[in-house]
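Listed below are the structures to be examined.
Each of the next two complexes has chain A plus one more chain, namely chain B in the first and chain C in the second.
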Partner chain A sequence: QESGLKIRYPLSHTKTMAFATMDLSFLSDPGVFAKGQHAEDDDARGDLQMARSIDIQSFPLAPVSSPYTFCEDVRKHGNAPGLMDFKHGTTTLGFVFKHGIIIAVDSRASMGSYIGSQTVKKVIEINSFLLGTMAGGAADCSFWERHLARLCRMHELRTKERISVAAASKLLANIFFQYKGQGLSCGTMVAGWDKKGPSLYMVDDSGERFKGERFSVGSGSPFAYGVLDSAYDRNMSVEDAVELGRR
Partner chain B sequence: LGAEHRLATAPQLDSCRASARNLAMSGYDRAITVFSPDGHLFQVEYALEAVRKGTTTVGVRGKDCVILAVEKRATPKLQDPRTIRKILTVDNDIALAFAGLNADARVLVDKTRIECQSYRLNVEDNPTVDYVARFIARTQQKYTHRGGVRPFGISTLLGGFNTDGVPELYQTDPAGTYYAWKATAIGKNSKSVVDFLEKKYVEDLEEGPALRLALKALLEVTEASGKNIEVVIVRKSGLGWMTEDELDPLLKELDDTADKISKLKETK
Partner chain C sequence: GAVNMPLDQLSVDAVKTTPFERRFNPYDFNGGTTVAIAGDDFVVCAGCTRMSTGYEIQSRNQSKLFALTDQTVLTAAGCMSDVTTLRRMLGARLTQYEHSHAAAMSSSAVAQLLSVTLYYRRFFPYYAFCMIGGLDEEGRGAVYGYDAVGSFKRDDYGCMGSGQNYIMPILDNLIGHKNRLDEKKSFTAEEVVAIVKEIFVIATERDIYTGDSVEIKVIRKSGISTEVFPLKHD
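Take a look at the complex of A and B:
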């Protein structure tokens, strides 16, 4: 349940923040976080408003005067060095060619030099014709892409038509833009087939969204671009394309 | 007993009105969110009455076009006719004609226009006629659902093309329902117009015949004059308003045919 997500900060940490004008009422009344989800207008919401149905009020924002610059402020404050340095270590890439789209990802989850897992699924099946990749914060990527899957399904049910890749990537980009500056970390590629053929979009946590033929996202991306650019050919066969992705 | 001798109004409507009057006296028609004991939402039904008093509007779906034709009330001498627009553009290729309260139409169409632009912004594609019809219907239904507001007193006819290039005609009403039609009419005397359309409608009409059918249907209940009728032809390439100069000769021709037929009947 979306409203169940809570970010807990140790009290001593927040007390030392100079800029904090905090509302700590949530400590005695956690129900405060559940509001916003069940407005009377809920079922009357249109398709577009559904995309924002995870209301900003229902996610507990940092209890400070300026939640939108929270991460930057913590870094600047210097009181908790390294707290906001989320560690990443991924390489994902995707390219469009004559027969479709190849997505290639590595399967390691790491936190700095610590390897969390070697068998992570970094490709998320949004639906049977849309894929999303994961780079950056694993939780952010997987949660929001699963939310995107929900929105895509609602679109299909309402309009009796599959959602276009442009629309799906736009929904995701708008969500990221809404949370811009609050510490989401996610670089994802949305790839799929729709009426216009195969499309690949790169969507990022700052709300940027680009359509393109070749993308690579993650800490290993400069290396991936090198390999990709040298051997890419739009008319290559499926086997060659798979081999290029693997390389 | 008096009901037997009435020709124009349907007998069911009279009995409905009679029962409505009885129940209305008990106050079930005042608050919109209150059902009557026999399941009526009176305010919604009264809104439909307002629509029935509005100007006649006809829509016909052809093979690759949608024709919307409306009756324009005669403009007073001192009024600028250019300010009276009965068929409105909702999006690039979607036209809306309505019957009912002009002011309500203006407000509802404005909301719809904003929604169409939002859709373009968020989905990077044209909204389909189905989507727009659903939005209008949802908005109209919202206003039947809460206290302190009244329903929109309009029914709309939406004409446009969907993404596969197929023409579509939708109707919405104050209750918040929406239907797709091959051809229909709303407003004053719409029943006789719909009866005419049911008899004369043929599938896959070309633009010319579809236009003639729409105009002939409208002429069943309206005076044949370019000043009285506004027509929009919705094509895949966009919307086309017919000018008075284009309309007048066509109307004259169609009107003559009707007269000829009646003359033939008289001689027989």
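Take a look at the complex of A and C:
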């Protein structure tokens, strides 16, 4: 499977010995990191095992010579008017301050040049202490964040401990890396509280993941950064922070 | 020149001299418009019955409304073959659910199921613009609108298909009460059905893919009633 990764192996003998005992299956299947160790157990539902697992092989691809650009090609040639105008969310921002994290989103969604909705919910509750935002493709964001909620819950049940924000954002980033180049469009922020306090991560559809204090994603983000940077203060009160997000 | 040539020779020359491309094109736009409006204790779903391809009409009597349970209706415009397959996928899952839970699926669960079903074809989408109309757990009307890959949201009204751009502003004003100064009133099911008929007459006027007749289903707690209202055939 061509993944475009270049892995350099260390030449020292001791390291090679260690490698011999490691499980290197991830080199051929990067999806391993996106699923979690117990993916097979999760997907087997006994007699009702009929839902397909969320696996890269399970998404049907069009029988053309370049399946990953199929959606773009159809859009360009106009054979299916309106089909590939997926709903897109526009501007979201988030910042960490002394008392926690503020997430501010607008509520418009566009479908091509048509305003799909003026009342979209762009903040997705992954669980009661983790939030994800939606910028980019609405279906992509809501589907994968819902999937992330399932993985987080499984983690909680197995380890009897809430998942850290770093781990949750890493899972999401690995999923996007797996589908890199196939046309997913997502700029999402994962925000939450864990043992280390409030954390904010920005996860991109190319699999990039950054931890930070202030982020804005979407078409209005340059303007949002301007307002945010000028008035941000880590020690502001909750009311001031909410007002800044609103502005 | 070329017009006077016999037909078979025309095509042979065209193949030899003009470049053309072959492309895998599984999609065909069959037109049609669908509308769904939710009320306090009812939902009205409507879809015109015209099915076309290019500038031709294939059928004047093709339904776009499908009752999934006795409280939920799927309306889908776009490509009829994809819509039919989507319906069968949903039907299979609904039947399995009913067998294992001894109860029909609730509207919100059907809405989520449709979203996931559409997203499983993210890289080769169903050419279907769907809406689900149903009664929620409290008995209030709910309409869920979808894009082609399953992003959905609950609304009070929605409209999809070729006549969407003509109809949506009217729905925004009348039902959504946007940009109006008078007091918002809630409509009864009969009033909404009358509005829907007028809306389809209006859309038929300007949209070539809308017409022939409109099938209207009203979902109430007691069940689903159907009515067919004729429209212009041109």
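Criterion: the second predicted complex is superposed on the first by the 165 of 247 C-alpha atoms of A that agree within 3 Å, B and C clash if a C-alpha of one lies under 4 Å from a C-alpha of the other, contacts with A are read in each partner's own complex, and residues count from 1 in each chain.
The rule is short, and it goes like this: contacts are C-beta pairs under 8 Å (C-beta built on N, C-alpha and C of every residue); 3 or more make two chains touch, one makes a residue touch a chain.
Just so it is clear, the structure is predicted and the values come from calculations on it, not from any experiment.
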Ask   = More residues of chain A in touch with chain C or with chain B?
value = C
Ask   = Does the superposition put A:Ala80 against chain B (first), chain C (second), both, or neither?
value = second
Query = Looking at the overlay, does A:Gly218 come into contact with chain B only (first), chain C only (second), both, or neither?
reply = neither
Message = With both complexes superposed on chain A, which partner does A:Gly136 reach: first (chain B), second (chain C), both or neither?
response = neither
Ask   = Touching A:Lys170, do we find chain B (first), chain C (second), both, or neither?
value = first
Query = So, A:Thr159: does it touch chain B (first), chain C (second), both, or neither?
reply = first
Query = Can A:Lys195 be said to touch chain B (first), chain C (second), both, or neither?
reply = first
Ask   = Taking the contacts chain A makes with chain B in one complex and with chain C in the other, which residues are shared?
value = 48
Ask   = Tell me, which parts of chain A touch chain C in their complex?
value = 48, 50, 52, 58-64, 67-68, 70-71, 73-74, 77, 79-87, 109, 111, 114, 116-117, 119-121, 137-140, 142-143, 182-184
Of chain C, residues touching chain A in the complex = 23-27, 29, 78-79, 96, 100, 115-116, 118-125, 127, 129, 145, 147-151, 153, 155, 164-165
Inquiry  = Can you tell me which positions in chain B touch chain A when the two form their complex?
reply    = 115, 118-119, 122-125, 128, 130-131, 134-135, 138, 142, 145, 163
Request  = Quick one: which bits of chain A touch chain B in the complex? Just the residue numbers, please.
outcome  = 44, 46-48, 51, 158-159, 161, 164, 166-167, 170-171, 174, 195
